[in-house]
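Which chain is which? They are A, B, C and D, in the order written, and residues in each are numbered from 1.
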Amino acid sequence: MKPLELYRWMVLNRMVEERLVNFYRQSKVVGGLYRSLGQEAISIGTASVLEPQDVVAPLIRNAGVFLMRGYRPRDLFMQYMAKAGSPTGGRDCNTHFGDVQKGVIAPISMLGAMIPVCAGIAWAGREQKKNLVAMTYIGDGGTSTGDFHEGMNLAAVWKLPLVVVGEANQYAYSTPTHSQMAITDLSDRAKAYGMAHATVDGNDVLVVQEAARKAVEYARSGKGPFFLTCETMRMRGHAEHDDARYVPAELFEQWKLKDPLERLKASLKGQEAVLAGIDDEVRELVEAEARIADESPMPDPDFAFGRVFA
Amino acid sequence: MSSSTTEKPHLGGAEVATGRGVTLLEGVRQALWDELESDPSVYLIGQDIGHFGGAFKVTAGLQEQFGDHRVKDTPISESGMIGAAIGASMLGLKVVVEMQFIDFIACGYNQLVNFAALCRYRWGQGVPIVVRGPCGAGVSGSAFHSQCPEAHFMPTPGLKIAFPATAEDAYGLLRTAIQDPDPVLFLEHKFLYRRVRGDLGGPIPFGQAAVRQRGTDLTIITYGATVHTALEAAAALEGHSVEVVDLRTLVPLDEDTVLDSVRRNNKVIVLHETQRNLGPGAELSARIAEKAFEYLDGPVVRVAAPDSPTPYSPTLEKAWLPGVEQVLHAARELLAY
Amino acid sequence: MSSSTTEKPHLGGAEVATGRGVTLLEGVRQALWDELESDPSVYLIGQDIGHFGGAFKVTAGLQEQFGDHRVKDTPISESGMIGAAIGASMLGLKVVVEMQFIDFIACGYNQLVNFAALCRYRWGQGVPIVVRGPCGAGVSGSAFHSQCPEAHFMPTPGLKIAFPATAEDAYGLLRTAIQDPDPVLFLEHKFLYRRVRGDLGGPIPFGQAAVRQRGTDLTIITYGATVHTALEAAAALEGHSVEVVDLRTLVPLDEDTVLDSVRRNNKVIVLHETQRNLGPGAELSARIAEKAFEYLDGPVVRVAAPDSPTPYSPTLEKAWLPGVEQVLHAARELLAY
Amino acid sequence: MKPLELYRWMVLNRMVEERLVNFYRQSKVVGGLYRSLGQEAISIGTASVLEPQDVVAPLIRNAGVFLMRGYRPRDLFMQYMAKAGSPTGGRDCNTHFGDVQKGVIAPISMLGAMIPVCAGIAWAGREQKKNLVAMTYIGDGGTSTGDFHEGMNLAAVWKLPLVVVGEANQYAYSTPTHSQMAITDLSDRAKAYGMAHATVDGNDVLVVQEAARKAVEYARSGKGPFFLTCETMRMRGHAEHDDARYVPAELFEQWKLKDPLERLKASLKGQEAVLAGIDDEVRELVEAEARIADESPMPDPDFAFGRVFA
């Protein structure tokens, strides 16, 4: 995907979340708001290399992935505002939505659970000769779960076309990575499975895209699963209610200089006018979508019932 | 624990049911065979289920017949196995996951109750998987190879539970389970595997209890291995006409058949092998009270295992298991009520 | 989900109870503080419970006071955390494990039900651990941040379950739980955390229900957040004298207080927030039938959540939660029975 | 521990199991019988370096560990025969027994579960300044469980005095290791945790003892946990009912040459008379113990009830 396209997706990702912050401040967001500020290059860079037949399971920090898979900003807005028109009709929260037709699987909250599930998707795709790759994400903290282990091991033993993207963003809620694991390179997790792996700069969308392209190629070619660690920084609290006081100010400052959007901009010298045009187009789109979502109704109480079984 | 464990007939009734036809274990195998044969989207995964045929040999011969893609060994990862089945089901496979012993489902609990069971409600995605395996006591398996886990899963919305008592039902219910659009926990009592025999029929719909014996004085509601305990007790209650209702599936529950029997007989015993405290018997007692209170000529009485783990030694296990004696005792008291 | 989640008062009664004293959340914190202070063998572990004070700030200030040995952050490993607490307990530590949300206990299910709960029976080794955390709906937490998991654990022999409804009980029952020689699942309803207040007393023994309101026409048996729902409903039933029994602990269950109330009032509603199918209400209904059948002037009626996951949107969650309206409806029907 | 002592323990371990096979053939063993034939050097070599204050959690293939921790052959016999006089009084099976006073923790069947539990023991021991090391065992197959991962990671992050002994015996029931994991050296599992590790010949008790000594020293010195892989071969079926037809005959033959008892004997040239003396002494002991166990009663049915809570 071309840098300008990547730029547009990253801007869209960021503006959608910024608009959600406004909704949150207006108490229109029901529950917590989870940002991916500073990590957008990971969602955009990795999703940018997926084919239509591929299946992806985004987590709470992957709003950008939903957008790239065909969901509209209003879908995310309505999800966070628990509206009737949201993908789940208000039954589930934030990024807990999906549609197999769109190649998107909704997560459950229990961290790690998506890894075995996506291994199963990769397995089914191979059995069905769909030439698909399954991709999912995991935070540094999420790799401490038993499900991460069981899913990674199974994928390696079955040589499944699975790409797991590790978002090493320095923290799990308030817990710094060194209190979560005794390794410094998250990719070392893959060594227990004999799984191919790489660690890259997660704040450079071009680097992420290239690494993801290789990882997906590797998986699609039948060589087996791939664990791609993207080093980055969670630039907000765990959720908007969390002021992240536990993060040293210097850490934020140091990472602010590596903002993925600014870095991509810098690499697009001379195209300021084009970029500004994209910014305007996206801003308008987001506003229009936000208005639609905002004005849309809450679900009818009756929708609370039924559809437990087919 | 293994299929060759010296099995002691603690469950009374079970032997009575032996006779011609195929065993319950063969019924399970035949259902798997027929589904693998008739539906290319059906897959089996589990530990040692391939060339080895599984700890109880339930899947013996299936990998040879259908290949190692359709019948696949897994690492020792219950959560990974169930999770993989969930993912595969979203793309259209129908995966049957074997727990080598159902007790180990505790290690895959989260995937089953929080992922598989809740998907359809949350975002409309069905998860047609079957998790099956040997359960139950009576074979000196002690605390971790004897469990009947149905009570731990019944409160989970979105999960169906089948528990066959006969070879016909094992076959018919498993075929239905595999084609069911929702997740099913399928419980096979290992004590019955080679003890009950029958002729196989077709698929058997969920939610239809079977009245194993008609009667007019008292109804015993049960399922699984204790159906045979109930039948033996009924036979021993000379002079009394006892009805035995086999629920077959706990979710969905055939309320109509249960209530019809209660309204006719007015006295009810609920019998199950699993522990008493918040066992399925509690739900039956509560529903009967709510929907047929005025028909009751006595309290709904529960006969179940005591609230302790299954002990190992045959002498202890025999004392622990709810047997014919306990049923007779409860029945005589209730009949005299 | 988080402590700052916009909370909507779906549970009716709860606000009524606000007043002077400390909050239920502060009651939990005070119990942890007092135990850490009075017993050097008490330790707390959990995710983000240290300097951060936990997702709900329950442990705020404890690490500063007692140090990072006594109050320790863990990786995201529910099974690892509970397992570690089990091992430590065998050497004499009393470890309190926080689930950031109790829903995640599903990931540590095996360690709690198969290891902690069964050790004493199997080989005589007690496992005095407490697994505690925020549970319950009413705060738009949807399916994985709203669960009341008690029904999934009640059938486990060897595991105690406490579920306080007031600040006093949160304090008193938690102190008892930490000193209890057996494993305890301690459920704290997050909707009550900052909504109910009271003055703290001393430790409160397990197995002693509290009659929150005396009455003569009808008994509502409940526990946790719905105690407040029951009290509001009782107040709204003008012209009728309703007794409200708060069980406080589900295991052990205070049968005496329950049966005494049933024998006096002859009409019973069992109310709980968790789903209806094989919820604790089923066990109460069954026990009352078995032990006080002849005192019943009507069926034991259950009021509980429907058998579906907790929905997210406030409009849906309000419809889903068993509220004052449902209790009033059931009560009027039963009183007229 | 001196080679002659190690020899006695290994002979005792083997003779106890051989006597159990007789009981099994007489259908006096209730349930399955699990052998450690060919793996005795691991139980004996590792347990031989433990101090009295240390705590160990043996699994089904570690009968030898129970013996070294002070249990008598009759205890194992009675356990397997479900006798009233067994450590669990007939309540639980085979090696499911223990006694914290003896520094022995009883396992549960669920593989992997002992790792977090022993991490907790190591943690408590450190808090109590007991200078103890916790040791437990895991089969190659058992390392695929989520609990293995969560326990190992926790032990590494907390730098706990825990030694986990991996028994790489080529199979998990009928499943060869290559269907269980995509790595060939089980020690690679430790790399995901930044945990110290080593892989040694599990059929040479002197090698195992020396490696275990180093691992225990490392853990006791406060450096953190240690994962010690002992390469070996399960020389019988998973349990006695299993004829292990799925194992290539050559594999058995090749490993038979490495029998740990024979190898130790060979290294004790010239002491044949002493060894023969040990054999006789142990044989007599085992026979006497077997008789006591055999003649002892089954439990009273009433013992099925009670002691669920304190």
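Here, a residue touches a chain if its C-beta (ideal position, glycine included) is under 8 Å from a C-beta of that chain, and two chains touch if they have at least 3 such contacts.
Only a predicted model underlies this, so the values are computations on that prediction, with no experimental measurement involved.
Common neighbours of chain C and chain D under the contact definition above: A, B. Distance from chain B peaks, on a Cα-centroid basis, for A. Centre-to-centre spacing of chain A and chain D amounts to 45 Å, using the average Cα coordinate of each chain. The centroid of the Cα atoms in chain B and the matching centroid in chain C are 31 Å apart.
For the pair chain A and chain B, the distance between mean C-alpha positions equals 41 Å. Averaging Cα coordinates per chain places chain A and chain C 35 Å apart.
For chain C, the set of residues touching two or more other chains reads 75, 77, 79-80, 103, 106-107, 110, 114, 118, 121-122, 142-144, 157-158, 307-309. Residue positions of chain A with contacts to 2 or more other chains are 88, 91-92, 96, 108, 110, 144-147, 150, 153, 157, 179-181, 308.
Contact topology of the protein chains: fully connected, every pair of chains touching. Taken in their complex, chain B has these residues touching chain C: 103, 106-107, 109-110, 113-114, 118, 121-122, 142-144, 151-152, 154-158, 251, 274-275, 277-283, 285-286, 289-290, 293, 296, 298-302, 307-309. Taken together, the chain D residues at the contact with chain C in this complex read 55, 87-88, 91-92, 96-100, 105-106, 108, 110, 113, 115-125, 127-128, 130, 134, 146-147, 150-151, 153-154, 157, 307-310.
By the touch rule above, chain A contacts chain C in their complex via residues 27, 30-32, 82-84, 88, 90-93, 96, 108-112, 141-142, 144-147, 172-175, 179-181, 238-239, 241-242, 246, 298-306, 308. Across the complex, chain B meets chain D through its residues 1-6, 47-48, 50-52, 55, 73, 75-77, 79-80, 100-101, 103-104, 106-107, 139-145, 306-309, 311-320.
The part of chain D that touches chain A in the complex is made up of residues 144-150, 153, 156-157, 159, 179-184, 188-195, 224.
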